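Here's the structure we're looking at; comments come further down.
Letters A, B, C and D name the chains as they come in the text, with residue numbers starting at 1 for each one.
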Amino acid sequence: MTTAAMPVPRPYLDAGFSLWSWLSSVDHKRIAILYAVSITLFFFIGGAAATVIRMELITPAGDLVSAETYNKLFTMHGVIMVWFFLIPSIPSTLGNFLVPLMIGARDLAFPRLNLASWYLYILGGLFTVGALIAGGVDTGWTFYTPFSTMFSNTHVIAAAAGVFIVGFSSILTGLNFIVTIHKMRAPGMTWFRLPLFIWSMYASSIIFVLATPVLAMTLFLIAIERFFGVGVFDPALGGDPLLFQHLFWFYSHPAVYVMILPAMGVASEIITCFARKAVFAYRSMAFAVLAIAVVGFLVWGHHMFVSGQSIYAGTVFSILTFIVAIPSAIKVFNWTATLYKGRISFHAPMLYTLGFIGLFTIGGMTGLFLASLALDMHLHDTYFVVAHFHYIMVGGAVMAFLGGIHFWWPKITGRMYSDSWARFAAILVFFGFNLTFFPQFILGYLGMPRRYHEYPPEFQVLNVLSSAGASILAIGYLLPLCYLFWSLRYGARAGPNPWRAKGLEWQTSSPPPTENFGATPVVTEAPYAYADAAGG
Amino acid sequence: MIRHPVAAAQTYVLVWIALLVLLALTLGSAYLPLGWLNGAINLAIAVAKALLVMFFFMHLRSSHYVLRIAASAGFFWLAILIGLSLSDFLAR
Amino acid sequence: MWNFPLFPDRASTLASSVDILFFTWLALAGVVSLAVAVLIVFFSIKYRAGSAASRVMAPQRVRTRRNHLIEAAWIFIPVAVFFTMFAWAASLYYEHSTPPADAMNVYVVGKQWMWKIEHAGGQREIDELHVPAGRPVHLVMTSQDVIHDFSMPVFRIKQDVLPGRYTTLWFTATKTGDYHLFCSQYCGTDHARMIGHVVIMAPAAFEAWLARGNAAETMAARGAARFRQYGCSGCHGADASVHAPHLEGVYGRPVQLEGGGSVIADERYLHDSVMLPRKEIVAGYAPIMPSFQGQIAEEDLVDIVEYIKSLKSAPDGTVR
Amino acid sequence: MPPVADAVVLSRQFDDAEQQRSAADLGIWIFLATEILFFGVLFAAYAIMRIRYPEAFAVASRLTSVSLGSINTGVLLTSSLTMALAVRATKLGARKASIALLSATLALGIVFLAIKGTEYYLDYRDHLVPALNFSHPGPQAGQVEIFFYMYFFMTGVHSLHMIAGICLVGVMIAMAARRAFSTAYYTPVELSGMYWHLVDVVWIFLYPLLYLVSRS
């Protein structure tokens, strides 16, 4: 498939050891590490907020923190998890690391822009953390008007500025990926030889560049309206709060697909590797991610069925939402079919991925409950919605992110971690997750609204179950931190291809040299040419 | 080396003249009492001017189709934003 | 502690329809999820590395006819199911968007952080909604400040309550009792305390409740006073010299608009005509009415709307 | 074409100059697509508000200075011409012509901003600046204020883009003066030109929407 490995060149990790050698590096692999460290930090800040929220909800009375604090906690949990962890998670770490490696390029098309993206991310993070330290924000991550413009007394503008800035980080990353995938593919790497992970990065990048500017300008409008007291979102000024919701969800619904599409890409890579068999129906998998990215732009109004939106618009958005579910369903069926007649082994990445499929299926199916107009009248803004999107974002995106980290960890660091600990963590996360969020479906159907600091006492048992699950989940998330760090020093040397996987990234040394490949690889075959399974 | 042929200077000047003519047309037509047609004419002329700028000054005329797709994507998605939002505001 | 609910009470005609829809989805989702889970487990065991199961004829990248059929099946079967479910849910939703003509009106004004409710007879309550069983109730709702949401899980309905606009809900209660009322749209510090009760009473008990209520005067009577207080009567009154539309009997009738078209003069129209008088101008009248946005409290405006509704048309049945 | 004697600055990630240049072309178009959606939010908000308050928008639009707005449109269209010619001159290696044309573009850009500033001053004098000194007689004041809010927001964001464009052109002049470009390497000028033209395209739509709503 490619030229034979050269004498092992110097790994990218050894290209410099000073802090500055990292902060000034334009190597996509080092920037990926910068992102990995920063998003992990933000994940644990957001997780800390979630911990306090779940502790508060153990009792029906609002006795642990005040209502103001609680509102600020769920706002910071949402803002940080959405913009500073989930959206950048897979694209900025695994994507940054793997896109050039998988297509056989030396780097992204615009390496300095890539570094600038990271600095923008950090700058946005500083604004947001600054808003947190200065006293917090209590609007919810959705910044609904006129509450955010006229009624909240918290640091809305600073938080909005942070999100505005981090938006440009996303835009530049997406731009970089699109150009790289178009222009930097190795000879022979045709569009239909691209790994599905690359397809998912491409689809996510489309969303990054076309949706994020809308959010940026909308937040700008919020800031101006709040600061000057004139605007188009406040009915008291003659504006319309639903206009804000349209603009916000035009971005924020596709943003959900930015979280799940990369996860689908990761799952496809891992399943095919550990089933030792090509992905079932490769082309329809590739078209499915593109279809999700495009149709995903047409469904935002399903967040507004009970908002006072016209019922006709609601109908249109409802049917479009059913349509966007079809490519997702196809992907689930195709993953399952990929297992058929494979030679399946169950290393930690595979366990995470199988968990991902299950949880994503539940998350996706419950999304259809919510897309049904009459049912959404009951379920909207209840814990059913909270459970649904956590199944997608945490059960889906975070499971796949962890699976991907475990899968490519030997490539990124050159070391193997303890597979038994990792499998234990995967199982722990799966059970902890379900215990946390499944009771919330029931709470939602019972009618418990989201963002409630206190609640009627008959909901307590289910909330206690959920909080208990959250503590298991927390351990499940802390474990990988321990054994992965441990592996950096004590792990066995991985070698170039510990999983005997296909794909260009496995053909170079682990960790790869700064230039990725000794010589530009030439691709001559379709992806996932796993030969083991065929022929019995 | 240069893939894009360099257009003649006259082409640019002609396009510029066309743009100024369209500007005069849109300004003039705005003073005719045509009702809703005024707005439609204004928008049509604006689209024509934008196409002239993009096809000639920005070389879309001789660009690879991928660039044309990228250029139209922005407008297409803007149409989605405005169109589907109006499906609410006009039907309320 | 252990007799906690797993399923909500049901107290309206709509609630059972929504529950049937929910259980249908639950069955569909259960079948699909279970099928995926069973297949994954089955394949995982049968085709684990090192197992002796045959791998002959594995669909290995060869784009066979059989694969196409399988793919087509799992595209078109979900499509058919989805469209059916969409149509079912949408028709239920439409049914729910059109209140019956004989519904009794109750007005709801949300403000941080309480619900103010006013009955046509003038009875006011806070964070409680008393309704009779067996009679359609039409809620006309608006907010004094931010967006709230009037949520009654027992009826399986909710609706955002917007400032500057009326939104509506309707239901027919079927079972007496005391149920939750929530604000479902995050509205600030005490969002979680913007809760209350929906009290469903037998019709006779409800009449008794109305009778011993705190109503000094009906909403219409209160509205008549407001009508004068805000100066509306100066132009719209019977002996006004200004050329303004007369309001007797206007409610529920179509109004011809300037520039063509007509609109039914419902609560929304009356509200918007006060707040945004230039939005829909009655044909033949100059657009000279000032906006009362920010001048008039929503609580007062619902009284005025109810007063206008109470104005009967002239004896010849026409709108003057 | 003269033979390519000048060295192309080839970044390490690219195989050849052609790949580098086509990557830049695609990159700038994607960036411009994001700019279209960035402004697009304002166009969407404008459309919805105009449908909601047609009379107020007509009244308010008549309060803008149509003469200054039209002149400014002409200025900006002309600056696009000089920019396009500047890119052409750079591609042909005509350094002096390119510097002259870039300078003309820069000057026209500054003229545009000066005229825009004059308009802002006139608006201020006429008490048309929302949040600062807005006052309008009659019952439609609030809705007229919404128009002027959109007017200042849209032209303001556009002017910020003009300022960025002027800075870019200034850098291009300096680079050209340092002989940074050649017939083989002119990507920075080309990209600055693309940006300039897009800012022009945005104005082409702003002009009728803000100045010509109801002149008849």
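The rule is simple: a residue touches a chain if its C-beta (ideal position, glycine included) is under 8 Å from a C-beta of that chain, and two chains touch if they have at least 3 such contacts.
Values in this document were obtained by computation on a predicted structure and should not be read as measured data.
Following the contact convention of this document, D is the list of chains adjacent to both chain A and chain C.
The largest tally of C-beta contacts between two chains is found for A-C. Our note on geometry: chain A versus chain D, Cα centroid distance of 35 Å, whole angstroms.
Inter-chain centre distance (chain B to chain C, centres taken as mean C-alpha positions): 43 Å.
If each chain is reduced to the centroid of its CA atoms, chain B and chain D end up 14 Å from each other.
Counting partners per residue, chain D has 22, 26, 30, 33-35, 37, 40-41, 44, 48, 52-53, 142-143 as the residues that reach two or more other chains. The set of chain A residues that touch two or more partner chains comprises 182, 210, 214, 238, 240, 242-243, 246-247, 311. Residue positions of chain C with contacts to 2 or more other chains are 293.
Contacting chain pairs (ordered by label): A-B, A-C, A-D, B-D, C-D. Chain contact summary for the complex, chain D toward chain B: residues 1, 4, 17-18, 21-22, 25-26, 29-30, 32-37, 40-41, 43-44, 47-48, 51-52, 66, 70, 73-74, 77-78, 80-81, 83-85, 88, 91-92, 183-184, 193-194, 197-198, 200-201, 204-205, 207-209, 212-216. Here chain D touches chain C in the complex through residues 52-53, 55-56, 139-140, 142-143, going by the rule given at the top. Here chain D touches chain A in the complex through residues 11-15, 19, 22-23, 26-27, 30-31, 33-35, 37-42, 44-45, 48-49, 52-53, 130-131, 134, 142-143, 145-146, 149-150, 153, 157, going by the rule given at the top.
For chain A in complex with chain C, the residues that touch the partner chain are 62, 67-68, 71, 138, 140, 142, 144, 146-147, 150-152, 235-236, 238, 241-242, 275-278, 280-282, 284, 306-308, 311, 314-315, 318-319, 322-323, 325-326, 329-330, 332-334, 336-337, 339-346, 354, 357-358, 361-362, 365-366, 368-369, 371-375, 377-378, 380-382, 442, 445-447, 449-456, 458-462, 526, 528-529, 533-536. Put simply, chain B touches chain D in their complex at residues 1-3, 6-7, 9, 12-13, 15-16, 19-20, 23, 26-27, 30-34, 38-39, 42-43, 45-46, 49-50, 53-54, 56-58, 63-64, 66-67, 70-71, 73-75, 77-78, 81-82, 85-86, 89-90.
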